[in-house]
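Scrolling down, you'll hit the structures one after another.
Across the two complexes that follow, chain A remains constant while its partner is chain B and subsequently chain C.
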Partner chain A sequence: MSLVTDAFVSQIAAVEPWPENAALYQPLKSEQVLLSDNASCLAVQAFLKMCNLPVQVVCRANAEYMSPSGKVPFIHVGNQVISELGPIVQFVKAKGHSLSDGLDEVQRAEMKAYMELVNNMLLTAELYIQWCDEATLEEITQPRYSFPYSWPLNYFLVFQRKWEIKRKMKAIGWATKTLEQVFEDVDQCCQALSQRLGTQPYFFNKQPTELDALVFGHLFTILTTQLTNDELQEKVKNYSNLIAFCRRIEQHYFEDHDSSISSSTKLSKGPTLP
Partner chain B sequence: MGTVHARSLDPLPMNGPDFGSHDDADLVEVEPQKKQEILENKDVVVQRVHFEGLGRTKDDLIAHEIGQVFKAKNLIEVMRKSHEAREKLLRLGVFRNVEVLIDTCEGEDALPNGLDVTFEVTELRRLTGSYNTMVGNNEGSMVLGLKLPNLFGRAEKMTFQFSYGTKETSYGLSFFKPQVGNFERNFSVNLYKVTGQFPWSSLRETDRGVSAEINFPIWKTSHTLKWEGVWRELGCLARTASFAIREESGHTLKSSLSHTMVIDSRNTSILPKRGALLKINQELAGYTGGDVSFLKEDFELQLNKQLAWDSVLSTSLWGGMLVPIGDKPSSIADRFYLGGPTSVRGFSMYSIGPQSEGDYLGGEAYWAGGMHLYTPLPFRPGRGGFGDLFRTHFFLNAGNLCNLNYGEGPRAHLRRLAECIRWSYGAGIVLRLGNIARLELNYCIPMGVQSGDRICDGVQFGAGIRFL
Partner chain C sequence: MAAPMELYCWKGDWGLPSVDPDCLTVLTYAKFSGAPLKVHKVTNPWRSPSGRLPALKTHDDGVLFQPSKIITHLRKQKYNADYDLSAKQGADTLAFISLLEEKLLPALIHSFWVEGKNYVEHTRRWYAESIPFPLNFFLPNQMHKRNLERLQLIRGDSWREEDEDTERQLYTDAQECMSLLSQRLAKHKFFFGDSPASLDAYVFSHLAPILSAKLPNNKLQQHLSSLPNLCQYCRAILTIYFAWEGDSGPRITPKPQSGETPDTEEEPHKRRNQVLSVLVGLLAMVGYAVLSGIVSIQRVGPDHALEQGIAMEDNEEEEE
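Moving on to the complex of A and B:
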């Protein structure tokens, strides 16, 4: 978003309170959504729950194309449409809700650095596994991504997306990596996160921040998604504090609210941790 | 010996039953020769037809077109038939130039009343190309066109057009093949990608498609059967697009069969003086694949009547209905739109009917009617020349566009279409551009405006091919 839109959004947003009918749009949960998209959607859901902002989760087959940035998820609040975690955090902040206000400059810089790490490592690894690993592509990505479309459009769209991702991988130098190297990267990222978390309940001690939401979104999705093999899951499972962290957020923000929040919200999160 | 240049026959009426002999004096130039003979009313026989300048064109193709020439019994008929044959040959789109030369027969087997007809033709080049640049609203584009006429020697045609713009790229490849000896019966295949921006709906649509169609005449009607498979990508034109448009975004695949019947007895398609047009189009999507299912019917009727002082009264009626099949609602790309300088004047382009936050969503049923009185310009400046391209017109347009609840009966449908009718009246100037398009500058007074409609009160400019 440009500076002008930023300023505009924050001005508009500040005036209106958070509406009751705010909605979060994401791909179809059981048939369509991919690992990386699910992680992003879950991160935003967790973030909004941490902010205590109610949102209704709506699943749409064309969510990706409805989004102004072409990426899921996006939220529809009043007459505003905002996609992806970063802009959503800003938008919510403009409305007066923020998780990172209590942090000082250094901590905030650190939080941003870790968020970049997660986006650069975990998200890219997820995209790599989905689109560049032939087995996963054929068995999982292809049927799921093309689920809403009929022949021959299903092939065109998968091909188009695959080409796009491969180009991106080439640009960031991941094209030549092997699956083992990618798993190694995931392992290193998890190690860094695990060390930073240590024995604290959240990354910045008592209060969850957007970093916690992002890490939860990715790790929880990796832990609960069945892929062609368990290697990715195993990498995360090596870090017990990260698993405990996921379970803590799940219990605190997703299960506790069962009574007050409709069951569809709970369902949309997916399976619970083993 | 007399040599007659049939080329000078150009202004002859195609089907004038009587050829007054006084006409012939102007048209037929008989070169003075020693042994002059009056062939006019004599029986003649066309013995031979020669072609000069034929290259890759196959003989059977032209044999069909000139067959009638042999049936001529007298000179006038020979000239007329040759002229018709020339027109037919030019229509094939194979020759750049066709000249006809009629001469008496020479040689051993020459009959005393035998004639030779020689067609001097120049074939089009194997490959012709064109190159344009266009500058539009915030967009520049480069258009490259390639044409391969008479590809295999039987009037097949291959055309390719590629447009590379700063915003959009589009292309079209088409192959056309007429039946030998029956040009109206033809077959064509198209492959294309087009991008349209529809600011009245804040919508961008990119279509990539394949279509195949057969055209054939039956009695006085001409029919088109078409199959089309098109991959449509819809998106918002701007971030500010309404959420209703956002919800329509994404990819759909339409596979449809359509049939069009046209009866056209008008003298010309732009500003006709007499005759009528009836066009009925029906499209069935979904049964041949794809993920869009609907049945669409629409028609267009136009009647023209010449009145005193060169003025013409033209009435037209359009209507259409879209019935979605299955549970899925209709797509914004399939619905009808109404309003604007080419349909109901006085309203902004496609700005009538259902809308959401200022974005027009189109409707599943519509009708529109118009009544025009075309007259020559006052005091007729430039008469017989440039001034004849202009007409003044007075018009009364009406129409309605809405969504129907198909659970209700036809009576309720008619009631819905009859309520909230938008109409407008006004006057303006029409300019005819060639035989394909027209420009209009009108002063319009819109009436029956409903909330949400966008009007264009006062002067409105319109350009287009199809007008109500």
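Moving on to the complex of A and C:
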């Protein structure tokens, strides 16, 4: 989003309160959504719940193509459409809801840094496993990604996306990594998060921030998604405080006050945490 | 460990030990950790054993070329600058390195390699002047293309060249990143107290080129100069750790350090290049002359030589 629209958005946003009919669009849950997309969608849902902003989750097979940036999820609020966590956080902040206001400067810098760590390592690892590991690609990614399309579009779109991801991996130096090394990176990242969390309930003590939402989105998705093998899950399961952290957010924000039906069906459908 | 490991990296300029952020990271880390490296400062990536820079030639692991891998290798060899850090600080290191790579690096690539004026007037000129003769015609362009592609892939689909909005977003991110770093550093000497760690190597090597390069259009530098603690931090590292190499020009100092290899190889290359370029020039001129008929070569028997000579003179007169 550009600065001009940013300024525009924040002006308008400040005036209008959060509407009742706000909607969050994401791909179909049971048939289509992939690991990385599910993580991003869950992160945004968790963030909005932490802000106590009601949003209706709408699943669309073509959500990816509806989104202004080509990435899911995106929210439709009033007459605004905003995609991805970063811009959504800014937008919500302009509306007067912020989770990170209580932090001092150093903490805010650290929060941003850890968010980039998650994006840089967990998200990239998820993409790698999804698109560059042949077994996962064939068994999971290919049928799920091409679910809404018929022949020959299904092959073409999968091929196109795979090629794009592979080029990206090459550009950031991940193309030469083996699956083992990627798991090691995930482990390193989880270790860092676990160290940072320590025994606190949230990353910055009592109050959740957008970092908590992001970490929850990724770790919860990894923990509850069945892949071709369990190695990725096992890496996360080594850290008991991260599992407790996921369970805490799940119970606190997704279970007791079931404001939106779709999120509770999602959780009943997905396996719960061990 | 018999011989020291050999490191190949771009040569320095603008008061820096190396112009390339990746090479600078490795060099700085080596200084911090006290690893004895034999440094080859080259201007031709083809001279590196892996074809790219930086590259570390090791005894048992072959040639490593990614900065993170090189640093991991040095760490395994007991040259660890992060030895005193707590686990939480180790986690912070990872997080801030990610922040640098995601937010600052794209803008850094953009301002050196993609922004039209900077690329043409500064970066391409520097590399064209530094890279030896035949390669300097296409290597800078190749690097430009590779960096442009890298930027496009890092930023995803939303990146379009010449798009002001995405460009502005890029610089906003980078400026935010620098402000965050400045806040995190506050009044400390280094990021984790009084001794430098690997994070300092990364931060320094991403900020120092911004600070030292004289780009015609340097938005990042403008922002960085408004953060006095970061500027001070970069200058301090330069003076403490690179006091010998910075000011006096890197061409003098690395040579005794890196042994005789660059000395003996630089000179003949230069001479050969001079001879080659003169030869190519002469060949072009003669070729042009022959093709356009200014000079014509005819094979004649000895009897007709005189007549032919006269005929040729006539020819020339006609043309004049």
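Throughout what follows, the second predicted complex is superposed on the first by the 261 of 274 C-alpha atoms of A that agree within 3 Å, B and C clash if a C-alpha of one lies under 4 Å from a C-alpha of the other, contacts with A are read in each partner's own complex, and residues count from 1 in each chain.
Just so it is clear, a contact is a pair of C-beta atoms (placed from the backbone, for glycine too) under 8 Å apart; a residue touches a chain by one contact, two chains touch by 3 or more.
Since we're looking at a predicted model, the values are computed, not measured.
Novice: Kindly classify A:V81 by the partners it touches after superposition: chain B alone (first), chain C alone (second), both, or neither?
Specialist: A:V81 sits against chain B, while chain C stays out of touch.
Novice: For A:N62, is the partner it touches chain B (first), chain C (second), both, or none of the two (neither)?
Specialist: After superposition on chain A, A:N62 lies in contact with chain B alone.
Novice: After superposition on the shared chain, which partner residues are touched by A:W151: those of chain B (first), chain C (second), both, or neither?
Specialist: first
Novice: Mind working out whether A:P17 is in touch with chain B, chain C, both or neither, as first, second, both or neither?
Specialist: neither
Novice: Determine, under the contact definition given at the top, whether A:G102 touches first (chain B), second (chain C), both, or neither.
Specialist: neither
Novice: Looking at chain A, does chain B or chain C touch a larger number of its residues?
Specialist: Greater contact footprint in residues on chain A: C.
Novice: Check whether A:N119 is in contact with chain B, with chain C, with both or with neither, and answer first, second, both or neither.
Specialist: In the superposition, A:N119 touches chain C alone.
Novice: Shared contact residues on chain A, chain B side and chain C side combined as an intersection?
Specialist: Common to the two interfaces on chain A: nothing.
Novice: Going by the contact rule set out above, which residues of chain A touch chain C in the complex?
Specialist: Going through chain A, the ones touching chain C are 1-4, 69-71, 105-106, 108-110, 112-114, 116-117, 119-121, 167-168, 170-173, 188-189, 191-193, 195-196, 198.
Novice: Help me check something: in the complex, which residues belonging to chain B touch chain A?
Specialist: Residue positions touching the partner: 231, 233-236, 239, 243, 246-247, 249-251, 253, 289-291, 357.
Novice: Going by the contact rule set out above, which residues of chain A touch chain B in the complex?
Specialist: These residues of chain A touch chain B: 5, 60-62, 64-66, 68, 76, 79, 81, 148-153, 156-157.
Novice: Which of the residues in chain C come into contact with chain A in the complex?
Specialist: Of all residues in chain C, those touching chain A are 66, 87-88, 90-92, 94-96, 98-99, 101-103, 149-150, 153-154, 156-158, 164-166, 168-169, 172, 176-177, 180-181, 183-184, 186.
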